[in-house]
Structures are given as C-alpha cells and as structure tokens.
Amino acid sequence: MGLGRYLLRRLALSVLVVLGVTFLVFVAAQVVPSDPAALYAGPRPTADQIEKARAELHLDAPLPQRFAAFAAAMATGDFGVSYKSRRPIAQDLRAYLPATLELATVSTLLALLIGIPAGAFAAARRGGWLDRAGGLASIAAVAMPTFFLAMLLQAFFAQGIGILPLSGRLSREIALSAPLDPVTGFTLIDSLIAGRLDVFRDALAHLILPALTLAAYPAGIAMRLTRSAMIEILGRRHILAARALGLSRARILFGHALPNAVGPSLTVLGLSFAYALTGAVLVEIIFAWPGLGRYVSEAVLSKDFPVIAASTFVVTLCYVAMNLILDLVQALVDPRVAL
Amino acid sequence: MSLTARLGPKGTIALAIVVLAVVLALFAPWISPFPDQGAGAPNIADKFQPPSLTHLFGTDHLGRDMVSRVIYGARVSLTSGLLIVFVALAVGLPVGLIAGYAGGWWDEGLMRMTDVFLAFPALLLAVLMAAALGPGLINAILAVAVTWWPWYARIARAEVLALRGQPYVEAARLMGVSHPRILIRHILPAALRPLSVQAALDVGPALLTASALSFLGLGVLPPTADWGQMVDAGRKFFPERWWYSAAPGLAVFLLALAFSVLGDALRDREGEDA
Amino acid sequence: MKRRDLLKTAGLAGLATFAPSAWSVAIAQDGSRILTLANPAGFPDLDPSTSFSNDGLVLANVYEGLTRYYPGTDGGTATIEPVLAESWTTAADGLSWTFKLRQGVVFHDGTPLTADAVKGSIERTMKIAGGAAFIWSAVTGIEAPDPATVVFKLSSPQPLDIIASAGFAAWIFSPASQAKDNAWFNAGNDGGTGPYKIDSYEPGQRAVASRFTGHWGKAKEGGFDKVSFEVVEDSTLGQNMIQSGQADWTYGLPYDNLAIMRADPDLSVVANPSFETLFGLYNTKRAPLDKPKVRQALSLAFPYDDVINAGTAGLGARAHGVIPPGIWGHDPDAPIPNTDLDAARKLLAEEGVTSLDLTMTYATSDPLEQVAGELWKANLEQLGINLTLQPMAWEAQWQLAKADPATAQDIFVMYWWPTYVTPYDYLVSLFRSEAAPNYNLGYYSNADVDKLIDDGATLAGTDRAKAEDDFRAAQRKIIEDAAAVFILDKPNVHVIRANLQGYADNPAYGHVVFAGDLSRKA
Amino acid sequence: MLDIAALSVTLPSKSGPIHVLRRIDLRLAKGEIHGMIGESGCGKTMTALTLLGLLPEGASVRAERFRFGTLDLSRHVASDLSALRGRRIALISQDPAAALNPVLTIGRQMDDVIRSHHGLAKGARRSMAVEILLATGLPEPEKLLKLYPHQLSGGMQQRVVIAQALATGADFLIADEPTTALDVTVGAQVLKLLRQLVETRGLTVLMITHDMDVVAASCDRATVLYAGISVEEGPVGRLLSAPRHPYTQALLAALPDAAPHGARLATVEGSIPPPTAALPGCAFAARCPFAMPVCASPPPLRQEAGHSWICHLEPT
C-alpha cells in the first residue's frame, strides 16, 4: 500500500483521536461544576474581583465560540494561561513535560532491560529455577501498588542506607552553585551537552528510585509477555532447524528467537510508556519529581481546566505519536508486513 | 477433576486468599477484634500503639486497631476491584462484539471512539471523573471503569473477528439464524472464555487503580476504611510508625497478588499458556 | 554534623543507621553561607502587587514595605516599626497620613527610593486591584510633595500605619519594575529594596536569592550570602531534609512527629500562637440549623480537647471566638461552650430534633480538619445525628458553598488569617451580611452585628479602644448566636536547626522568615 | 558410514514409558542415498531426531552397535550424537518455509551457519555462502543474500535449506520428507540436485519419506519401518519388485499405479499398535494376512543376497 499512504491514513486517524480527546476534555470542562472566574481571580478574591475575572475570561461567550477559540489555542500551541497560577501554560509545560518524558523513557528502558531478557531466559530454561522465580517476581511486580513500592524503596535506599537521594531531579548544590541551563529539558542530555559529568551522575542517581518504582509494573508485564511469546517461538520449526544446524544455544536464543519476539516486546514498550506517562502521578508526588503528573493532578483537583486541557492534549500527542512510531518500527522490523 | 487440582497448588492458595478476603469483607463486624474501631470510631487513648498482642498491627493516629481497619478496608477494595471489572466488561463487551461482528462503519466508529478513551491518559481520566462526580465509592468505581472498558472492547473485537470466520458461524448464518441470536448464542460464549480470564487477571490492577484514586483523596468518604487512603495517611508517619502504612499496603499487595495468580492459573487451565 | 539514628523503632529490619547521604555532603563545604528554607507549598505569584499566598515568604525577603507590625509579646502592646518610612503622622480627622521616607535606600537596580516610587508602587497595586489590593480601598489619592515625603488622602479614617505593614499588596518596588507585567516577575525578576535579590526561580521547585550588598540595613555577623527557598510539598521529604541537615527551617510537619524532633539535639521546635484560627460555619439558612439552639447543641457536642490532643499533639489553643490572641480586639473571657453531651441532648430535645443528617465539608489535604470531623462525628452519633464528612479541594468546596445555600453544605470547616492585623478582617469577611456570599459561607446575617462591625471599622482609624469594644460586642453576639463552632487557634510550629541564631516567629506574617535577621553559629 | 544394530529409544511419561523406537537396524555406505519408508507415526522422524541428538529431556537411547564412520558411539549414544550435530550430521527439514527464520535475511542465516563452523573472515564467509548457493542451483546468489524467506518460491527455499546443511560441512545429511511440501516438478528437481551433490561432494543421505515414488526415483537402498521396528531392508530395485515382508507388500499394493485401472485400492485394516504397548512377537501380526500362531514369538532375521527382512513366513 506504500509507506506514504499508510502514513497518511494513520496521521488522519491520529488527528481524529486527538480531536476526540480535546473535545472530551472540553465537554468535561462544561460538565464538571466549577467557577473558573473565582479560581482566576486569585487566592482570596473579593466579589468584584471575581466579576472582573469573569469578563476577562469572557466566560459568558456562547459555547461553540468558546470551543473554536479553545481548539484554535490547542492547534497553535498557545495554551493560554493557567486559571490558578496565571502563568503561561506553555512555559510550565516546557519545564514539566521533559521531566515526565525523561522519567517515562528511563523507566520504560529499565522495564524492557529487566523484563525481556528475563522473559527470554525463563522461556529458554522453562520450568527451571529461573522460570519459577521469574514468574513469581513478575506476578509480584504486577500486583505491587506503586505508592507502596515507592515508600519501601525510599525508606530502604534513601533513608536507610542513604546511597541514593530521597527526592527531586537534581541535588540542590548544583542548582545553587552552578545551575544547569536547560537546552532540551532532559537533564541527562543537557548535562552531556554541557559536558558536566558530575551533573550527569547526580541526575542519574536521582532517576534510579523513581524510574525503578515506575518500571516494576511494566517489567512484570514485559517478562510475562516475552516469556509466552518466546515459548511459542522456541517451539517453531526454524528453531529446530537452527539447532539441527549446530548453532549454539545463545546464538539461537538471541540471534534467532528474540528477533521474532520484537513484535510483542514493542506492544509492551508502548504499554509501559503510556503507563509511565500517566501512572507517574503517584511516583512524582512521592519523589517530588517536578513532572507533568503532579502538575496535572493539582490542576484536576482545583479544576484548572486550561492546564488539564493543555496537558491532556500534549500527553495524547505523545501517546499517539508513540503508537505511530511503534507501528512503523514493527513494520520495518518484520519484513513480512508489507506497508 | 476437582477445582483445586485444576488450578494447581499456586492457584489454590490464591483462591484461598480471595475467599478469605470475601469472608473477611462479609463478616467484618464479627471477625475483626475491634469492630467499632474498624468502622471508624476513634479511640484517642491508645494513639499510635506499635504492634502488640492486642493490636497485631498497632493502631493509627486516632488509636484505631489496624487489623480491624484493614478487615473493614477489604469491603471497599474488594467491591471496587470486582465492580470495576464488571462494569468495564458490561460496557466493553457489547462495544467489542458489535464492532467486530458488524464491521464496516460500525467497526470504524466504535473503534475510533475506543481509541479516544485509550489515548486519554487513564489515571487522569479517572481523577477527572472522580473530581467531577465527587468522592465516594460508586463514583470512584465508575471513574476507573470509564478508563478500563476500552481494553475489553479491543479483546472482545479481536475474538469476534477470529470467530466470525469460523465455519459454524457461517453455517448458522446459512440456516437463517438472525444476527443477534448468532451473536449471543454462538459468538458471545466463545468470546467470554478469554475475556473472563483477562477479567480475573485485571481485578488486581483494578483495585490498585481504585486505591491509587483514594491515595489522591478521591475514593470513599472518611471514616470508612479504605486501603489506599490508609497508606496515604500513614505515609507522613513513615518510617517511625511504619505499621500504619505497612498493614494496608501489604493487604492491597496480597489481594492483588492473589487475583493475578488466580487469573494466571485459570489461563493456564484454559490451555493458552501465557 | 552528627547524623542521628532516624529509625529507633523495630521498624523495617536493617534500617538502623542513617549513613550521611552522599548528596548533602556538598552542603557541608560551603553550606554555612546558605540558608535553606523547606516550604511545603509552591509560590503561585511573585508579582508584589498581586501576591496573596505562600509567595509572601520570598517577597518578605526581597521587598520591603513602609512599616512592619510586631505583636506585643505575652500581653504587651503591639508596636509598628519603621522600615522604608522613618516616621509618619496622621491628620486630626484621620483622613490623611504623611510618611517621611528613610534616606539612602536603593532598589536592587541601583535607582534610589523616592516618594514617586512609593506612589507608583501603591497605585500599580490599586490599579491591578488583584490579591489584597482591597486594603487600600479607602485611599482616594497619593501625593509626593518632595522626594522624601508621601501623603495619602483617605475617604474614611483608616489605621494606615497598620495597613502599610501588611504582608501583601504593601510592597514598594522600583519605577522600572512598575512597568513590567506579571509574567516578568514570575520569570524570577524582582524590583525590590530588600536584603536579598532573586538569582533564579524554577517554578514548583525552588527560588534562589543572594545577599544585596547595597541594602541600607547592616548585615548580621555570620549572616547568609544565599537563601534557597525550596518547594517540598511532601511532609515526609520535609521532615527528612530538616533531620538530615539539608534544610534549616520548615513547617507543616505532622504534629505527632514533633516529639521525635524535640528529642533531637540538632533541631529545635519553635511553637507559638498564630493569627490562623480553625472554625466551622453553620448553614444558618437551612432547617434545622436555622434555630440557634440546634447550633448551640452541635457546638456543645464538639470534642474540643480531644481534637487539640489528637490533632495538634496538644499544641493548639481553645479558640475564644473568631479573633485569636495577639490581635487587638481579642476577647480572652468570651463565653465559649465546653464539651457537654447531656446539655446538647437537652437543647435538641427542646427543639424537638431526634434524628438528623448533616454534611460537613473540609479541605482534602488537611489532616487536622479530618481529625476534627471524625471525632465530632463520633460524639454526634451518640445524639442520633449522622455527620457525613465530605473532603473536597478548596476551590470545589468554596464554589459549592457559594452556589446556593439550600443545596450547600451544613457545616463549612475552614481556616482564616488576616490580610493585615485587624479584627475587622475576620468579622467583615465571615460574619457581615452579604447579598452574594463570598466568605460569609454560613450566610449569617444579623443587623445589630453588622452595625457593630461597621461602627468599629470607622472608629479603628481614630479611636482604636472604642473600635475594640464594638468588635468585642459583635463577637459576643456571634458566639451567643452560635453562628459557628470555634474550634482552635492553630499553633505556629516551625522546626529549625539548633545552630540558627536570631530566629523569631512573627504571627503577623504567617510562615515568613526574615533571613536578614538570621545567622549561623560558627 | 553408518552401522546401527538394535537401536531403541524410550521416552518417560506420566502414564509409563513410551517405546518410540523398539528395534532399528540401519546400515548406510558412504555416498549412498538410503530411503527410510513407513506410515506416519512409525518412528521415521524420531530416528532422525535421535541421529541429530535432539531427543527431548529424559529420553533413554540404547543400541547393541552404533558406529558412525570411524566412531563407536554405542556406550553413551545421546551425548556423542549431539556433539556430531551440525558438524558431521545435518538436517534438511521438511517444510522449507517453516525451516527458515522469517525475520532474518538469507545472507544472515547462511552467515550464521558458516560462522559457527568455520573461523573465516567476513569476506571469505560471504563468498563461501555464494559458492554453496550456486552449487544448489540458485540464480544470482548475490541478490539472494539480501532477500527474506517469504520472497522466495518453495523450491528456492528448499535449495537454501540444503545450502545451509552443506554450509555446516557435514558429510552425512538427513533429508526429512524434502519434497512433501513442494509440487511434483519442483520436488523432482530437488531430488536430482541431491543426487548431484552426493556424487560431487561424496555425501551420504538418509532420505525419510512416506512416498514410494520418491524412494524409487532417488534412493539406492531403503529400509521399511513399522511401529518403531525396521522390518525389511534392501536394494530399491529388489524391494519394489519383490517385497518379502507382508507389510511392505501391503504398502506397495496400496499405491494407485500398482492397482489395475478403476479397481478399489487395497487398504490395510486396523492401525499401528500404540507405542506404550509391549510387543513380544511380530508387530505386524495383528494386521498381517498371513498371520500364524508362531508370529507371537519374535520373527527371525532372513537374508537373501543383500536383502533382509524379519518374518516367520518361509520365503517361497
């Protein structure tokens, strides 16, 4: 069907989905009982300050007109101002989104690095001690509540033996003595760009606990999915043929079986990234990680709709973009899928 | 073959834990050592008692016995876990069936709608719904179910697509059996099998999401015992008074574990080895 | 810096020692010059004209007002200290105030402090009319006859010296910054005269300020070169930072953990009364709460002492009406009810109320309000009254109450603290009749009380003693009417490192630290 | 080249030991294409797996005599055989499409085999691959290296599978039903290729099939298997024209071209005895038209000019 047409169709679908989500948020804004004017007028506004705010936000304009303005704002990326903090949302998103994306990426990588090899080895030595232990660990990881795991990790590694920082994204010394100027917003990358290895090490240390907490659930899923996929693959004839040709166990496992498991692993990658994007709310609160999750949960509790709308829009964009990329990678990796 | 044999050792233990949780939830007033404290009555005199013989898991900031609170908490967590999955199935299944069976515009429309709900960040949608509906158990359950049904719609659709091509379906069609009858009599039972296994596997994560909601203060109203809220309340006193968070946290973990293992055991017995 | 054994109790095995975390070592090297303040809430708005929340902590160190209010210590009379204004006089009719400015004061951008700068600052605040700008509502005009003199013209007599000492909307900032917009300030820029100037600001994380060498005040020996205002919303992290020495000052920690910190030689727990009081407004518009006797019965059923013990570990003080001690107009011997379930049952019987369903709303994030609700619910159950506890986010709770009294909550539990130090602020906002309720969320309206409040307001500028009598009479009427259950005056509890010197709480400026007054023992 | 006497393989299972191979005698001379024929389930593939040392865990392998080339493996058969796998013995799988890894290019799969058997540099490995692919009659092997299995026809896929077998350097090939998955004409070409390779490279091939035509077309000698027992063995010509063992006769009678035109095909009633059953006497007795009471005892080995079979019947 040609790469171009496939891309076009998927893009059209994605736009449709994003529009749907934006509309859903806008509807929620109307349905949920809230008085944006009071929120916008400041912490303890007087009655007339609220009236002034209502006019300023032209809340009394007819619904379709407001949706048009709302959709236009989303499209142009000028998300306007938060009702609560009156700060331009785009500015906050530029600070918070990379933090969440960084955490989501690292935790997803961690989930894959732990889950997939473990699943592969468990499948290779099915019934062996690794398979049973791995099976139990994966179920435990899936069942473990994130907020509880976060507390345990914090108590043990940070407060207990103190080898890892308790919270935050960078140590305060760096922010005080020589702050890192954000280029991409990803501290790991920025520190490398600035060539500051101390900052890189510090950022990495701050990432470990939250990323590990966030990676537990997807790692469990990754392991279970990879294990079942590999078991099926290892039973196939071409694996038997490869063994008959005298190839070594490791070469067969990683060279022949694992490439076939790329498909299921990609779905796991998609799932754990999506989970990290939205599941991070709890982890961000406990580890004081200045990410989108915390920013949005506060906005939801105080019904700060521009922030909710903008963040949801951005998260949905990431989600849809990631799905698109995953499908493309899947097609490229698996030659049988003709685009 | 008896049920326990069918489920294997791990499955039986998991089933035992689930049954125990159900019994605890149903007969909480008679089982818990301090029923009134479990329901919420404060008892300031022995505030923050460490674990002892009378209070196996110590007491909370209002002196209430943690064991009783956890037993009463089972009511909320169990009901929310099961109801979320049930409501999600009740919504997702029909959508998936119709989309898969009808195909064409129906399929495209329903599936795009499902995508919208799937694209919408799950916990955010749940928190938004809970904020909109206000706190309370039923609202929290609806809020989480809203983000959960799309998964079941997808699974149901995949099953229907696979089954629609089956000869016995075409045969029924040839004999003039009406579409709805085919759907309900032939396709639904076959689709239910993998879905029920998935549902059993999902009760654990469902009650975790519900307890995450109450962790954010959007679950049941105090003083009703709720594991998520108890872990949150205990967090401030962690680690000095570790038992305040440990008891409910462990309870959530055990119940979720039990359901997952049970789901797995059911899946294995179904022949698809996951 | 000695690390104390954090985990005394059996607790999680193997967690006994607390090794010095590798990450705070850097603090020790040049730490002595940095003051770290762990603030449990963010800084929503750093614009001096519109700031009206926790940002006061930062602004109080970066900007200065004309005067500063110091409450009298243990019964002594309050004093108003000169800051940017050296002296001030008021006309006989109280309708004009003249302030003489301190000489040699320079803004952070080097421009000198002039009368026009003061005039421009206050006028910008009044023009934007955001935040606490309403404190200047009586000001009709500001003149600057000469660079060192500022004259305020008022429409009605007002205690302008106290108003000028307010913690909000009273900051003076440079003419250049007066032209800037809200976004400029919130990007981490400042136009103040204060002892510190803002270096950097990461929203939701921290603001960093460094010493302003051109400040008119003399620097304290051993004072701080830098102040780091950290946003630490999670109390577990806050507690860990203060105990591990990563923070020098914090508050908002659970009261039940204070005992542990008091036992720590490196820390000292500073607790004294604050101007913040906790109360529950009864919905006087909905039966049966429209009957005073029913409200009095509910107040009699409230477990005051239990809440103080369980909620504030005994640090809170019984509230004597809505005006806390330390503010003029406080009434120490107001007739407040004590917990007496039998008396409550008698009153309910007189009103023929046998069973009742009530809803109490409070802030989700506040454990003290939840404890008050749960203990009260237990007592009310013995009277056959079922109290539903409804935790809500502040915005949602406030909007529900403002919508329609008939469908709103029965009891609205909240705190109140004054914009500036006056009993009028409490009474007019919470108990004066309002057509559309803004903060009078019990919808209480009583003509006599309204008159007393208004008279007191006009007299406050000229005859403060007479004004106090009017405010006290109004409060007595409110207590008698049981318009609200007055629970407790929230204690101001700060935990600081023991080696900090010169620290003193000033309840007029809630949770604010004047870093310029502090130093660290060598 | 290969000399096996009384090979037996039993697999453990919950419901008692499974006698997968009861008693197999097999002799192959170097350069010979030896057919192994029998109904499905008679142990053909299991014999192949045994020779490749690919039996599942816990299988017990015993043989009175087991010599491969100069090696005597009779004591610990299984472990020795797995050492030979891919080095001296290689497999040509049945369904070529399934035998090739769908997500790897032909080049990569050839390179894998060559790299694990010959310590050659990349360039040398590549030219060796090309040379072998040419030897199997594949056009423009250079282009082929970049293609994926699904882009090749069935015949070409089978040639690649054969090329892989050759690439191991093994001189003893086991071809497991190489033509079943191919249509007749392509199948014939593959058999011709095998014959060519045997002659040019001095290979020895064990041809496993259920199709008599394949045996007739390409094999020098053949062994007939029934229920895990080698019941008859001999040169193809004699076997087809004058089968001695009743089972072989029944097999040949079942072929369409053997029966007169339009007549019903002779079928053999009953089915193969289950592997769990112990068979003291002749395994075919239950279905043998000439069954006699003496058949309950183990049938004697009879030989006639290089043609041997086990049966109580006196040769007529």
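Chains here go by letter, A, B, C and D, matching the order in which they are written, and residues are numbered from 1 within each.
As a convention for this text, contacts are C-beta pairs under 8 Å (C-beta built on N, C-alpha and C of every residue); 3 or more make two chains touch, one makes a residue touch a chain.
Everything numeric in this text was worked out from a predicted model, so none of it was measured.
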* **Which of A-B and A-D has more C-beta contact pairs** => A-B
* Identifier of the chain whose CA centre is least distant from the whole-structure CA centre -> A
* Rounded Å distance between chain C and chain D, as computed from the means of their C-alpha atoms -> 91
* To do: Report the inter-chain centroid distance for chain A and chain D in whole angstrom, where each centroid is the mean of the CA atoms.
  => 54
* Where the centres are mean C-alpha positions, what is the separation of chain A from chain B, in Å? -> 23
* Structure fact -> Rounded to the nearest Å, the gap separating the Cα centres of chain A and chain C is 38
* **chain B, residues touching no fewer than two other chains** => 131, 217, 235, 238-239, 242
* Asked: In chain C, what residues contact two or more other chains?
  -> 6-7, 12, 15, 236, 364, 393, 396
* Check each residue of chain A and list the ones that touch at least two other chains. => 33, 155, 159, 286, 301, 303
* For the chain A and chain D complex, residues of the former touching the latter -> 236-238, 240-248, 251, 255-256, 259-260, 262, 333-336
* Structure fact -> Given the complex, residues on chain D that touch chain A span 52, 54, 85-87, 90-91, 93, 95, 98-104, 112-113, 116-117, 148, 150, 161, 164-165, 167-168
* Asked: Hey, which residues of chain A end up touching chain C in the complex?
  -> 33-35, 38-39, 41-47, 49-50, 52, 84-88, 91-92, 95-96, 152, 154-156, 158-163, 165-169, 171-173, 175-177, 179, 202, 205, 285-286, 288, 290, 294-295, 301-303
* Asked: chain B touches which residues of chain C in the complex?
  -> 6-12, 15, 235-236, 253-254, 256-257, 260, 306, 309-310, 364-365, 367, 370-371, 373-375, 377-378, 388-393, 396
* Structure fact -> chain C residues touching chain A in their complex are 6-7, 12, 14-15, 17-24, 26-27, 30, 34, 36, 44-45, 50, 52-53, 129-132, 134, 182-183, 186, 200, 202-206, 208, 226, 228, 230, 232-234, 236-237, 240, 246, 364, 393-396, 398-400, 402-403, 419, 434, 436, 438-439
